[in-house]
Amino acid sequence: MENQTEPSLQLPAQLSTFAPDVDWLFQFIFWVSVVFFVGIVGSTLYFLVKYRRRPGVKAEPTGHHNALELFWTFSPLVILFLMFYWGWAGFMQMAEAPDDAVIIRVRARQWAWGFEQPNGLTEDNEVHVPVGVPVRLVMSSTDVLHSFYVPDFRVKRDVVPGMFTSLWFQAVERDPGSVPDDAETDPNRILYTSQVYCAEYCGAGGAWGPNNGHATMYALVHVQREQDYRAFLSTPRPIGCPDGGTECTDEQHGEFLFGAKGCGACHQRQAGGPQLAGPSFPGLYGTQQALADGSSVTVDDDFIRQSILDPRSQVAQGFSPVMPQIPLTQPEMNALIAYIRSLGNQ
Amino acid sequence: MSDHSHDHSHSDGAVHVHVHDVSLYLKVFGALIFFTVVTVATSYLDIDGFVRPGTPHGAGGMNFLLAMAIATAKATFVCVWFMHLKEDARFNALIFVGGVLFAAVFLAYTLNDTYYRQHEDRFQGVLVHPSTGERAPGGLSDIGGSCEVPANCLSYACQGGRCVEYVPVHHEGAAGGEHGAAAEGEHGGAAEGEPHGAAAEGEAPAEH
Amino acid sequence: MATATATHAHEPDYLNSKTGIGSWLYTVDHKRLGIMYLASVLFFFAVGGFFALLVRAELATPGETIMSPTMYNKAFTLHGAIMVFLFIIPSIPGALGNFFLPIMLGAKDVAFPRLNLLSFYIYVVGATIAVISIVVNAVDTGWTFYTPYSTRTDTAVVWVTMAAFILGFSSILTGVNFIATVHKLRAPGLHWKRMPLFVWGMYATSVIQILATPVLAITLFLLIMENVLTLGIFNPQLGGDPVLFQHFFWFYSHPAVYIMILPGMAVVNEVLATFSRRKIFGYMFVAMSSVGLALVGFLVWGHHMFVAGMSEYATLVFSGLTFLVAIPSGVKIFNWIATLYKGSISFESPMLYALSFMVLFSIGGLTGLFLGTLATDVHLHDTYFVVAHFHYTMVGGTVFGFLAGLHYWWPKMFGRMYDENLARVAFALVFVGFNMTFFTQFVLGSQGMPRRYYDYLPHFQPLHGFSSAGALVLGVGFVVMAFMFVRSLTSGKKAPPNPWGSAGYEWATASPPIEHNFHEQPVMKRGPYDYHLATDEELFDGFPEEAPAASAEE
Amino acid sequence: MSAENAHASHGPKWLQHHFETPIQQFESAKLGMWVFLAQEILFFSGLFVAYGVVRIEYPEAFAAGSMQLNKIMGGANTIVLLFSSLTAALAVRSAQLGKRDEVSRYIVITILCAFAFMVIKYFEYTAKFEHGLLPGQYWNPTHLVGIDAPVEHMHVFFGIYFMLTGLHGVHVLVGIGILTWILIRNNKGEFSKEYWTPVDLAALYWHLVDLVWIYLFPLLYLV
């Protein structure tokens, strides 16, 4: 079936191979419903007008009509069975990924998505996928239930802590032919970007902001030509900077990471802002921190590193040991430490 | 209206029941004790090994089935005689059996889901990643305690009490060191993050 | 059936037979308990509605509008939990059922009047704990209390689940009472095939309350213990299975939606029959469809979990069985339409609510097809489409049914009429406001707007704004209605025993009924909808003493 | 009877005003009780489902956990409960015959058995507490039978064990209360050959407590 690549009034754009089938079924049910609804409301209105109370006209006693009863009891079963069967067939298609699918590992946490490409490349809150190739996501959550939902692809699957769940899709081109087949390979060329939502309620942080609650646990799927995607995987990634650039100091890179990794969900970085679930950072660096076990320690680079590597080893007094371990490369670790240090000097 | 009180059979409106002999109750009690002794005795027998030699004790489910069959027999005795379902209104028996039936539906469907979760897709609903052996994070807490992070360890993962160099794909990044209410007690379960899900209870003997 | 109102006109009614606060607090009279339930559920309806308005106000614009995300999460959770546990579930059975079920059966009271009082006080205790919990720290888990979020949040989950746990027992005891009453206290001549369909609906509801609510109790008990003792059954961090919690929860909560909708349908039967002067078409089919819904409703709970990580076999079974639920619902709708055929239809406010029930419930039911179908459910699950769907069944269904019943039986309960014109204005506002609020949400959902979102992307703004405006209209409608009812209590015209000219049994007693409902044990000689067998005196819609014909005392 | 007036003389004083005849009251009460028992089954069913699911997920932990329980104590408790069920049934029989003293005697024996059950349960619980065989974060095994080291997820077994036996124990305590109340009413002479419904209902409840244990015992202790 042809993909409708622009959103309609009812449904989002059809950008995966599942979408046309799902939408066809949606439309089928929709029109069946419309027919039934018009029938129900139409006949009701007709009777209401025709048999409205008139002086001297009595209601006719109700008779029996078992054949009619049996007819409307059992005849809808045919349509219902069709819906069930088509729905199930479509669902089974979604349930069984092809063996050759590109496997991307997804780690959900409150309130950010981490993606790991097959070659180990990690991305935060965005993921690059090839067009026209089946992609399987193997998903896990470190804390509570989440749900990975891409309306454009018509896929959704809960992400459950303590077990793996999986979904797959095959993205289609939005605008076939817009990029010629012989166009040069470009790791930065993106055909289109689709929105990822978290569809299972997962709480909220104290302050409102990006990646700070169920409602802002967004991510983006960047769809690329396969050769561009391959190139993207093998190209070293520039570091992220707050202004979207690729050149910046360690502190600025750390600031970017602080947002991208969702640290702000628990750690306050505005001086004078409300206390969140974890220690606030302004003015923290260099002070003595009392620990839950009664000892105390100076907040220095080593302490911060230790706390990120193994969050439960040195829990600050008055806080719960709720911090997850978050994967960082060595440069990222250094950048974050530099950023936290810079906050401490404010 | 068969169950209605204004029925002809009770025209005087008084309650009439048939009173059983004491000996009946004693016989039922004797049977219950007999079954109890049998079920305890059979629990020492290795029926699975007897039916299919080589099966570990309890693994074949035969002991389980036998014990449940005996329990059901005992329950039937209690219901029919002690609770007088035999001569009580049929509808009361129906209510009771109906209750059991709905409990059975609840049990059957839920077990069906648990049992078949990864049958269609080996990545679906599994606790251990089928390709990498990674244990799903967010699950049973790491009881290995905290890592002594050596100064030269610049990677991020603390697994089973050791600081492990982070190697993508083959090791779980965010595994281990879970948190939340569970973490406060730091008990239970095995060290997490061991490849291929080896439930390495022995890794953390100090806790027990 | 024997009506003796005229000859005993001076016996005090149930409201005046005893006085003093103690006569209410210790009453075992099902009618007084019904009134006390009514007052309680209406109070919580107002509280739940207040939270709903807060939620819609926050969503009127993107970003932070009037409250913080944590406040918002608490607001929508409290809206859901209060509406479900404190309003909808006890509304029709507790208030209207308690009042009218024994009267319709020609009984003096329910089978276990003291149990009935106990059940009310359990409700009061549960409600009190719920209110305390709001003061303590509220709760932000959503009314579904999914683990492991509910084992991790620092809000008052234990308090709220404790409240719901206790409220469950109130529901169970009411169910026990109704089942025994229906079986054993029917008046002579009132055999099963003559039983009012409202009673059939209550009976089916009670069956579900008995079989499903205990599972809620054990679920919430285990959840409380999971929080207090760290059991490791539901909490994955201790080796538990979060999907198992969902099984537990929905084993109750899916049947619970039939606890909510069946009473609504039950009321609509009575109202449709009365205002079209006709027996409900296919009486036995309608009665059996209630029982059928009650039983099949137990087999489909998994359709809340299609994408939750359940096995494919389970989705297959649950989806297949889910479609069976459409059958009894459809049977009811078709039979109601057939009831109108060749009737003599008038359009007082109860009938307006009953007719809009048919329309709105049809929308709610038909959109359920999208959600029962596996492939489309994957897209629509946990979006606003679901929100709209269940509001069309729960509000468009149950609340409209409840309002139909409230308008219909108001004169009987309080002995006073209300201002019909004002009632119609309120109806129009509620009907329009409801559709503005929730029809929009179908579109939002199918476009991919997930539910329980504090914020949304800019392109959803127009629809969200429109929906919030609708909520305002809906709120105004309810305020008008409240005003109308209060005015009826203070200055309403005195109501005759049978203001609608109904053939139903409950209209044969005085308005309001006397303490023991009937002066003499009634004997049912015709069905409650047999208009062609009823005498003119029975159908007379004024005071019997004003009746033109001489009293036709049997 | 249709003409019978509600306010006229209304039979014996134990016949409540809204019932017409003793049999109507008796049958209503019985029906209500059975409905309540059905509710109890569904209440316990949740625990059995949890048991089943966790057992499928962690069979080794269940085998190891079961080994820690004392079959002798469990068996003794089974026999105590079965005996109390017998005396409860005999109490009903005596009530049907209107023998008030016998009813009291049987109920006293039933209550004593219930206490015996709770005492044995107390010793079992104390042992588990001492050995640290507790759910979740309190899990701290110091003494294990039949295995060298704790099996992973064993604490979940004890979570379920304490929930099942604990809720059952609560039912036993409630049963003691109900039986005591029946005993007091019996001694006051409220029951007779014509009216013994409350004795019957209390016994029905007590048999249900027994029924649940009949399944708990093999599930937890034996298999």
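As written, the chains take the letters A, B, C and D, and residue 1 is the first residue of each chain.
Simple rule for what comes next: a contact is a pair of C-beta atoms (placed from the backbone, for glycine too) under 8 Å apart; a residue touches a chain by one contact, two chains touch by 3 or more.
Because the structure is predicted, anything quoted here is derived from the model rather than measured.
Q: Trace the shortest sequence of touching chains from chain A to chain D and report its length in steps.
A: Shortest path length, in steps: 2.
Q: Name, by label, each chain that touches both members of the pair chain B and chain D.
A: Shared contacts of chain B and chain D: C.
Q: Once you count every C-beta pair in contact for both, which comes out on top, B-C or A-C?
A: If we tally the contacting C-beta pairs, A-C comes out ahead.
Q: Quick one: which chain's Cα centre is the longest way from chain A's?
A: Checked the centroid distances; the maximum from chain A is D.
Q: Between chain C and chain D, what is the separation of their C-alpha centroids in Å?
A: Taking the mean C-alpha position of each chain, the two centres sit 34 Å apart.
Q: From the mean C-alpha coordinate of chain A to that of chain B, what's the distance rounded to whole Å?
A: The answer is 34 Å.
Q: Among the residues of chain C, pick out those that touch two or more other chains and give their numbers.
A: 148, 152, 183-184, 188, 210-211, 215, 230, 232, 235-241, 243-244, 247, 309, 312
Q: Send over the residues of chain D in touch with two or more other chains.
A: 1, 20, 24, 27-28, 31, 35, 38-39, 42, 44-46, 49, 53, 57, 136-138, 152-153, 155 - these are the residues of chain D that touch more than one other chain.
Q: Among all residues of chain B, which ones touch two or more of the remaining chains?
A: 3, 5-6, 91, 98-99, 102, 106, 110, 114-115, 120-121, 124-125, 138-140, 178, 180-185, 188-189
Q: I'd like to see which chains touch which, written out pair by pair.
A: A-B, A-C, B-C, B-D, C-D
Q: State the interface residues of chain B toward chain C in the complex, per the touch definition above.
A: Per the stated touch rule, the residues are 1, 3-6, 91, 98-99, 102, 105-106, 109-110, 112-121, 124-125, 138-141, 178, 180-183, 185, 188-189.
Q: Please name which positions on chain C make contact with chain B in the complex.
A: On the chain C side, the touching residues are 148, 151-152, 183-184, 186, 188, 191-192, 210-211, 215, 227, 230, 232, 235-239, 241, 243-244, 247, 251, 298-299, 301-302, 309-314, 317-318.
Q: Would you pull the chain A residues touching chain B in the complex into a rising list?
A: 92, 95-97, 103, 105, 107, 109, 114, 116, 118-122, 136, 138, 140-143, 160-166, 302, 305-306, 308-314, 320-328, 330, 333
Q: Show which residues of chain D lie in contact with chain C when the two form their complex.
A: Of all residues in chain D, those touching chain C are 1-7, 16-20, 24, 27-29, 31-32, 35-36, 38-40, 42-47, 49-50, 53-54, 57-58, 135-138, 152-153, 155-156, 159-160, 162-163, 167.
Q: Once bound in the complex, which stretches of chain B touch chain D?
A: The touching residues are 3, 5-6, 10, 13-15, 17, 19-20, 22, 25-26, 28-29, 32-33, 36, 39-40, 43, 58-59, 63-64, 67-68, 70-71, 74-75, 78-79, 81-84, 88-89, 91-92, 95-96, 98-100, 102-103, 106-107, 110-111, 114-115, 140, 181-182, 184-190, 199, 201-202, 205, 208.
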